[in-house]
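Heads up, the next two complexes both have chain A, just with different partners, chain B and then chain C.
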Partner chain A sequence: MRERTLLLVDDEVEFVQTLAERLQLRGFQVYIAHDGDEALIQLEKSRFDMVILDVMMPGLGGLDVLKQMKPIYPETPVILLTGRGSTNDGIEGMRLGARDYLMKPINIDELIKKIGENLNAT
Partner chain B sequence: MKKGKALETEVAEHKQEEIAFFGKITAAATHEMKNVLAIIKETAGLMEDLVILSPEMPASLREKCQSTLSVIQNQIKRGVDISDHLNWFAHCTDVPTASMDLSTTAAQMIHLAQRFARLKGVVLEVEPSEASITVQVRPVFLLMTLFTCIRCCLNALSPGSRIVLAPEEFDTGSAFSFLLKEKDARPDALFSALSADAAWSDLQQMVAALEGAVQWVPDGPCIRLQLPEPLA
Partner chain C sequence: MAESRWWQYFKPNIFDPGEDLQSTDRYRLLRRNIVVLMMLVTIIPLTLMAVINYHQYRSSLTDEIINPMRLLTSKTKHSFELFLEEKLSTVRFITSAYPVETLANEKNLNRIFRVLKKEFGGFVDLGLIDCKGIQVSYAGPYDLLAKDYSDQAWYHEVTIRGTYVSDVFMGYRNFPHIAIAVQLGNEECDNWVLRATIDTSLFDNLIAAMGLDAESDAFLINDKGVFQTNSKFYGKVLEKCPFLPPPGNYGIHIEEEMDPKGREVIVVYTHLENFCCNLVMVKPKSVVLKTWFTLKSEMFFIFIIGTIFILLTIFKMTGVLVKKTRDADERRELAFRELEHAHKLSSIGRLAAGVAHEINNPLAVINEKAGLMKDLLERAEPFDKKEKFMEVTASIQKSVERCKTITHRLLGFARRMEVQFELLDVNDVIREVLGFLEKEYLYRGIEIRLELDENLPQISSDLGQLQQVFLNILTNSFSAVEDNGLVIIRTWEEDPETLGVSIEDNGCGMSKETLDQIFEPFFTTKKGYGTGLGLAITYGIVQKLGGRLKVESQEGEGTIFYVFLRKAPPSNTGELR
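And then the complex of A and B:
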């Protein structure tokens, strides 16, 4: 079975690298983008099974990326990462087409569960 | 030169701007703290993954690593809780007046005042109301009032006591009841200690400014802070 590909987008370099490594250990092929613009470039170049997108990023934020990518890649599921206490961002993101959201710091088991549920749904 | 009401209004506006500025910076700092905690959490998680994936590691070393990593994870959880409560507190400064849910406010206040209670050896608890009770108030002023009441109680109670903060709704309006649970305490002696505290008169003034009243209920015993009528 082919490895599922994830695009992980977050401006916190250490966070995104460590999380990518943990997801790789769990069998995913993970690509990284450190901001919204880089994410859109990567989406143009490759097809991903899922995008995991931080909401709060300098420049193009997660919700802006979501708005731009949804009309072009409507089938690609998106899970948002929001700050705690920012449920409004998560709800707004789901209105814009995100499948789900998680609050940071995340629980890896919860993330894996949500990835599994949403990959199976596609 | 500005006089009377105009000057008073300007001073009040500046005060609100100062409070809002303080809140904005604090809220931003709590977001940054959570980013730091998220990195530590993932790094500790990765170490945990690597320990699990190292069958050659001696059992005693594996156990030590896992227990150490579990201490880190517990402290991260503690840090996240503190950041969340501080973030809620900071956002209370966003607007001069707001509709506040009394159970949420009580629960947050209990967390924010926890350290002060711990230093006095007193346990702070909340008993949420079954139905939601909301009042339109100045959020920061309400929190300051609750904190002043907690301070009075902490000064009057002995170590080992408990304070239970319970929002309540009456026909005449809503209230925060501070139930004081002290072993072998006599309500009259407790009230004497409370009313002798300098913070007690501050509390009376603050509650009056909220258009409420402070009531001592010997049967309980408890301090009841009556607030303006709940919103429909």
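And then the complex of A and C:
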């Protein structure tokens, strides 16, 4: 089975790098984008098996990225990360086409479980 | 505006007696001011009207009652004048018809006298007096022939004025009569006088013809106030009358006087023309103004009754008004306090959310770093103190988990709470929530007693929010009771629109100070592990659902939480931040 590619988008450098490393340890090929624009550029360059998208980012937010990529890459599953402790962003995201959402700080096992569920679905 | 300025000047003093006053004093003053003001604006016009009416009625009634007296007096006066004039004319006729010589003959005089008595009546005697004042012929019952009148005042008056009518006098037979004298003359001398005496008992007939009531009186008096006829109450002929007529010729004069018996009387005087006499009519006021007195007492009675009614109405209405004002003020104050509380909650909520969000991000980093450490440790070869490192990372992760719980609750407290209404059975919701807590109360041996009204109607509310409410209160109750404590849950229908739920525990209870603060955010008695948000959130939710929350607590005895829920959702299902 080929390595699954994930695009991890978050403006918090420490967070995104550490999480990327932990996902790599679990056998994923992880690409990083630090903001919405960078994420869209990366999405243009290559295809990913899944995008993990932070909602709260300066500039282009997670939900904006979701809105822009969904018509172009409707097949790519998206999982949202929200830091506001509210289910609203998650629900709004799912309405826009995200597969699922998680609240930060995240539990890695939960994330792996959700990734597994949504990758199998494709 | 000029017209509003004067009003502004008065208004604050009357209707707002000082913001700084104690509230009871303020309402008392307000009440007093309104009462005084209303009394002024009602009693003053009423009194004025009563006074004006009193005077108007009095004057018109007096006129109406006195006018008939005036009329009667006037008529009687004319009768008297006619009577006297007739007698005078008769005597004048004799003086014109017969020459002195004829009259001087006693035989002729007697014959004329007889005719007089027969045709006219009332004549007592008739005599002729010559130029020297000596009675030269006489017809009548007395022996007055040759009587000398020359030094008498009336004789001189006749010679000057031509005629004379005397006052009443008693004469020899001791009954009252008057004398009429007319001047006549022959070629030698002008100062002959024909004198006739008239019986005044006829006056009494004229007075009797007035038809006076028993209390009233009428009589003649001369200008000096001496009775010329008998009076019913005030004296006999020639006695002094207690009433004195006004001087001169005055027509009709009306006076209110006090008679010797102490009665208030109305006296009508009228002067008889050509006769030094006054007709006096006396009527007691009590008779005259009987109608007036009745009317006056009726008016007074109506005034008093009216005033009493007005006062009662004013007092009652002012009482109601001030009470309503006071209630409205209190409700406003309460609403204001609740609004203030809601504002406080919302601003603290925003602050909390800000802080929580800021902490949440580094917390996520710590979480990942610790997670990575754990991942690496798990994959590493065994080395010295590996187990210790594993332990430390696990501890970090556990602490992060605790922090996460707190930040998520903080964020949850502040976040927009959307409400979705559905039909619910409150009893089911309670049972469900108890299901979540089953482990705890079974473990601690807490007895749960359910006294649920099984006929409770369904209500329209939000399941999740309601669960949160009961969960928060039950969590509180559980932490208040000792192991093996008792929690009683009751439900009932409070009124057609409201359900009541009470959660009672026999735990430690709360002091008054604690009770005052339990709904304040961040207030907690669970030192170390409470966020102080549970009951603040509960309060917010119940408010949002259109319900009410009430707590009763007795330190050392227990606490009862009351939740009152509306059956229908509130019309304003607004969100609370």
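Everything that follows uses one rule, which is that the second predicted complex is superposed on the first by the 121 of 122 C-alpha atoms of A that agree within 3 Å, B and C clash if a C-alpha of one lies under 4 Å from a C-alpha of the other, contacts with A are read in each partner's own complex, and residues count from 1 in each chain.
Rule of thumb we're sticking to: a residue touches a chain if its C-beta (ideal position, glycine included) is under 8 Å from a C-beta of that chain, and two chains touch if they have at least 3 such contacts.
Everything quoted here is computed from the prediction, not taken from an experiment.
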{"item": "Fit-or-clash call for chain B and chain C when the two complexes are aligned on chain A", "value": "clash"}
{"item": "First (chain B), second (chain C), both or neither touched by A:I108", "value": "both"}
{"item": "Which superposed partner A:R4 touches (first chain B, second chain C, both, neither)", "value": "neither"}
{"item": "Touched partner set for A:K67, first chain B, second chain C, both or neither", "value": "neither"}
{"item": "Location of chain C clashes with chain B - one stretch out of 239-247, 275-283, 383-391 or 437-445", "value": "383-391"}
{"item": "Residues of chain A at both interfaces, chain B in one complex, chain C in the other", "value": "12, 14-15, 18-19, 21-22, 25, 83-85, 104-106, 108"}
{"item": "Residues of chain C touching chain A in the complex", "value": "353, 356-357, 360-361, 363-369, 371-372, 375-376, 379, 400, 404, 407-412, 415-416"}
{"item": "Residue ranges of chain A touching chain B (in the complex, touch as defined)", "value": "12, 14-15, 18-19, 21-22, 25, 56, 83-85, 104-106, 108"}
{"item": "Chain B residues touching chain A - in the complex, by the definition given at the top", "value": "31, 34-35, 37-39, 41-43, 45-46, 49, 53, 76, 80, 83-84, 87-88, 91"}
{"item": "Chain A residues within the chain C interface of the complex", "value": "12, 14-15, 18-19, 21-22, 25, 83-86, 88, 103-106, 108"}
